[in-house]
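Next come two complexes built around chain A: one with chain B, the other with chain C.
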Partner chain A sequence: MTEATLVNPLETLVEHFPSGWVKKDDRPGYSGFIVEREHLLDFARAMRDDFGFDYLSMVTASDYLAEGIFDVVYYAYKTIGGPALVFKVQVPREDAVVPSLVALYPGADFQERELWDLMGIRFEGHPDLRRILMWEGFEGHPLRKDWKEPFYEEDVKPFKSRWPEGKPIHADDRNPFNDNVQYPTGFDPERWVPEAETLLYSGLQQTAHYEEFKTDELIVNMGPQHPSTHGVFRMVVSLQGEKIVDLKPVMGYLHRNHEKIGERNTFLQNMPFTDRLDYTTSMSNNFAYALAVEKLMGLQVPERAEYIRVIMAELTRIMNHFFATGFLLNDLGVYFTASLYAIEERELILDIFEEVSGSRMMCNYFRFGGVVRDVSDEVLKKIHNLIYDRIPRKLDQFDAYLTNNEILRTRCEGVGVLTADQAIALSTAGPILRASGVPYDVRRADPYSIYDRLDFDVVTGIHGDIYDRYLVRVGEIKESIKIIKQLLRDIPGGPILAGKPAYQVRVPAGESYGRVEGPKGELGFYIVSSGKPNPERYHVRAPTFINLTSLAPMSRGEKVADVVVILGAIDIVLGEVDR
Partner chain B sequence: MKNFGKRFGVMSSLGVTMGHFFDTYIVDLVKGRKRYWTPEGIEARRQADTEGIFTIQYPEEQLPVPEEFRVLPFLVYDEGENGEKNLRCTACGICAKVCPPQCIWIYRATDPVTGKPSPHPAEFHIDMDICMNCGFCAEYCPFDAIKMDHDFELASYTRGESHLYGLDKLMKPVSYYESIRPVNASREAAARAEKARPKA
Partner chain C sequence: MSPEGLSKPEYQVPQEMQNQVALTTLDRLYNWSRKNSVWPMMFGLACCAIEMIAAAASRYDLARFGMEVMRPSPRQSDVMLVSGTVTKKMIPQIVRLYNQMPEPKYVIAMGACATSGGPFKEGYNVVAGVDKFIPVDVYIPGCPPTPQALLHGLMTLQKKIEGQSLKEVSWYQKGPGEPIPVPVLGPDLIDMRKAAVIRENSQPVADA
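Coming up: the complex of A and B.
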């Protein structure tokens, strides 16, 4: 960073560039800068190298059908903390081509592919611009506003047919194939050649022959049905003997176009849908979505609700990290012992969620301006017992069980290494980023809710290997315990919801991005409202989806058995990866 | 001890596993037979201080569900004096509007004399295949007419039509509602009484 940029804050950023390159986005409710498409690369390079925005957290786009443009939106941060730099490129819908930022920020790789897939925006210079979530033969780009799905009923909910003349119909009955698939015209499954598959295989890196063993290069598909992939997920690996030459993850098997559904829904209706993203951490998902909408609405959350929210979010973190650690051991081949020990603690936390929200996993507990119901003293007592007694005790046991276990250490130390620079460049988030020694935690870097008042440490690792990721997770459980202790001590009385419960909320026009430090990394919701009851654009920055960008760089050169562990240490949940 | 652990990590791991193993016997011996198959035993096994065997032997043993537990919605009716079933629902349509997957269909009844819409549902359908158990319908119904059930054992042999619940399957008496959600029911009854008072 040069001195000039330190004294030149973002307000004067426009003046740094020749006129016409950059202008402020002054549509009401919007923020950031609009960059000319031709100068995007230069602008981004200047931002990264001179201004210190080294971390491109999110790339997305929204379709403004009426204006006939796409906004490609970039959110960049400094890993030393602070607010976002938002920049956008506007392109006409007929000529949706944008220069790719992958060369500058490799972490944009999957996100640009996603945009190509779902929005049909072509990223010029992207090394591997294939569909990522939809199947290869799919026609069209489903997130475009003029695309209609097979069961299309109306643009927005609530659908008119439901009341007062409600006559139920089975969606299945309206589709000739009786399932939810739309085929391109003239599609014949017998004669269809999946060209993208060939492209995928030929895109794998090759190596020169191994002299010592005279091995052939072998391409292996791990998954989609494979116990190690934590769901329906496929890794195409090319092998030299046992060694991985290259790897490409293939995902989207669980894709349900969450974002399109979200744009049909009203703002409130999206809340239970967020539960289904990362279905193990629904409280955090609720949190991020509520933050994004509250930002637009300008709502102030009552104190007690803030405390309850943070308690729930931290319990989620504890639960998730226990679970992730247990399953890491599964991936190492320990079978179920460790994960069952972890699941015991998880069950006890889920009991609490069930009691406050009515459901163990699909909590749907947050509302705009608070939470749905108060937490009784009994439940607080239960949380107290867990936090003061059980979880620290069990964590110590876990520590004795795993931390110094030679087998675990040999399998994990020095495996799947990601250096700090790589981790930042690849836009990884959460424990992956921190295990590489980057102390970036949204709770600290850009505090939301009441985190600025809480005393906790950001846990980091040194080596960026799997073992450090394990240590970071264990450390974060300890920090979460510390946080919840403070919250239980100070939790005030009072209301738990700002205003009256309302099923129709008025959200002023504009854009907003709410993000939290979810257990798996930075979880964000990008929302554009046009003042209507439904969001104009609803995008999820899914941490595990973006963390997967780092899978290939981490795996190259490792043994094939270690790939399973490397994937396990990323801690993916396919509900969120595929959305 | 610390150093010991460092040098004999695997041994210490096995120690933990062994500890767990022996615990299952010790706890059973100390706590006795009451630990299994009794409600107290199940309750004790889900407290923060539980050790030993954690598993609940479903279906022989069942975890009690908390009051807020939600599965599928049902319609509450008040029992009239002559055994008639007075649905609380006024066919206002709020639940159908708020339902995220849009799985509620309400056909509003018309008054046979005047031909105007009357505040009753002639038909009420919920497609339970689509219902996502979110609880919004119960949360936002202004008449306490739709509530979330506790029954989670819903397996059936067919899907499709049989999961499209009509009024016959949806209606449940208020006494049932009071039995599964006593605290909520009495709070709502009190609130309704409070509302009715100034008028009377």
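Coming up: the complex of A and C.
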């Protein structure tokens, strides 16, 4: 890294490359650079090695049907902090092939597979380009703008009345099969041979066989219905005795087409859908989406609303970390009783959410430019009591029973280790990244809302094992308490929403990326607006989805019982992984 | 269980024997014991599963209804709580799990998604209600249903169990029951029971 590149690389970046390689993206409302497809690998290598953008946070694409191109969009950051480097590759729709960046940034693995699956963009040089959310054999690439789902009504909402002349029309009745399905013409179900997942199984690494013992590798499918997988997640593991030789995660069992539905919805209609992404942290999801849209709209959020937002986001973090720790104990084998203690306080936080938003879990509380309802003094009093009394007491209990518990420590220390370099390369985020000793927290690295004014520490670990992840989570609860104390002390009065509440917001054309440090890591929303009431592209950077890239490297060589705990320590929620 | 619940009121047990003797019918005894130990299958699909966990936790405490014994295996469970969005990729497994459950078995569709597809109904990977494939006994509305609603749903199931009679229930009839054919993942989800319809409707439209 030379000094010149460290100081201000982005202004003069184009000049570092031979002419024609890179140009500025000067479409109105857009930012970043457009790189020629042939030079993408060289460009990315230079960015990583010379410019210090070591963390490829997000890969996505958007389909510009009218222009006939796909934009493949990359967001890279420096782990020492600072703004994003955005670069794009434009490819024609008929020839959607892009060089894969997996060799440079292993964290791109699942994201590129997702783009192949949903957009039909092929990544040349990807080691394992299979569908990831849908199954092999599925017809079409659903996120392409010209692909229509079986229950298709119109391109965008609001749809026409489903009750014309007072008679209801059911979606099912409009479909020839009376169901949510469609088939290519000439399809005969009796002749269909389902895919046998040979690619999945043959992709598993093999070890040298121990001839003298006559052992063989055993392939075990854990999930999709398995008590340890936190929902409908599946791991295919190959075992040599108790030891894990290789592991492949299989997901998509909860793929609810969030992005396709999101592109049909109006901007505001997406807000309740974001609740259902990571359904244990709905307030944080609202936050990130509101930030992304507000960036496009250029809205200034009133002070009181900012305070309320951060209070809610931090309460969500506390709640999530209690939940994660409780279920980590479940995975360790202390079945249910211990987690009952850990999730006791969660109910009290849910009570607060119910009081302010009307719903325990699906809060739908944020609006563009503020929040939907004000917080009463009584609620603030309740939060005060929780923060000063109940939650610290619970943390003491954790310390007394868990932190130095011998069983917990022997099961967790040195298991599932991820070094700092690995954690960065694999694009992990949140407690996983920080437990490996990388002090990267979006609240500090790229502050949003009022975090730049707040006093808190970024908690990090040293060893990058499960025990450190537990410690980081507990430490973050303490920091959240610290933050909420400051907010409760200083919360001002005033309005809670910029402008008047509106069902239909006007969002200027352009792209934007809003990200927050969610409890599970960097949660981001990538939005492209064309000035219409609906987003042109709506993409979610789901932290747990990308964190799962690190599951296989962490598990290889561990015992099969530990893989359950390793997965538990990643803290996945399938609603967000599969979207 | 109080004696009033179990004894049939037509047969008055003399006062002095009331603590030793209870008269009842086989149906009532059978249903009484069954309904108070319904073991759910431990199996959460989506957001609704979190509320299911909350219902099982200390505040709402499913154990009061004899339902806290969550079984990870379908072979030991009595009720399948379909708690969340049923996707096309998942439905073959759900049908398989259902087929593996021993009779008598019940299904509760918890939440809007399991009932009809809910907010995600228009999605290309979403099954519009689990009842397209497996029979459902109780539907619980809500997105997600609160733990109270779930408890109400389970009590409704208990009522249903109470009303069943040994003479009529399907699992004591002659011959084994038919398993539900497991759907297949093709270019889209294939329900094998509808194979003929699918073939017919997929034929190329003849040019007029």
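We adopt the following convention: the second predicted complex is superposed on the first by the 542 of 579 C-alpha atoms of A that agree within 3 Å, B and C clash if a C-alpha of one lies under 4 Å from a C-alpha of the other, contacts with A are read in each partner's own complex, and residues count from 1 in each chain.
Heads up, the rule we're going with is that a residue touches a chain if its C-beta (ideal position, glycine included) is under 8 Å from a C-beta of that chain, and two chains touch if they have at least 3 such contacts.
These numbers come from a predicted model, not from an experiment.
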Which of chain B and chain C A:216 touches, first, second, both or neither: neither
Contacts of A:401 with chain B and chain C, given as first, second, both or neither: first
Touched partner set for A:575, first chain B, second chain C, both or neither: second
Which of chain B and chain C A:501 touches, first, second, both or neither: first
First (chain B), second (chain C), both or neither touched by A:344: both
Contacts of A:413 with chain B and chain C, given as first, second, both or neither: neither
First (chain B), second (chain C), both or neither touched by A:162: first
First, second, both or neither for A:421, with chain B first and chain C second: neither
Contacts of A:124 with chain B and chain C, given as first, second, both or neither: neither
Interface residues of chain A shared between complexes with chain B and chain C: 171-172, 272-273, 276, 344, 347, 362
Contact set on chain A toward chain C in their complex: 133-135, 137-139, 142, 149-153, 171-172, 176-177, 179-190, 192, 194-195, 224-227, 231-232, 252-257, 260-261, 264, 272-273, 276, 279-280, 336, 340, 343-344, 346-347, 350, 360-362, 574-575
Residue ranges of chain C in contact with chain A within the complex: 42-47, 49-51, 53-54, 56-59, 72, 84-85, 87, 89-90, 93, 97, 117, 119-128, 132, 143-144, 146, 184-192, 194-195, 197-199, 201-205
Touching residues (chain side chain A, partner chain B) in the complex: 157-159, 161-168, 170-172, 265-266, 268-273, 276, 337, 341, 344, 347-348, 351, 354-359, 362, 364, 372-373, 382, 385-386, 389-390, 397, 400-409, 501, 503
Complex contacts: residues of chain B adjacent to chain A: 5-6, 9-10, 12-13, 15-17, 20, 46-49, 54, 65-66, 68-70, 91, 93-94, 96-100, 102, 104-108, 117, 123-125, 127, 130, 132-136, 139-140, 148, 160-161, 164
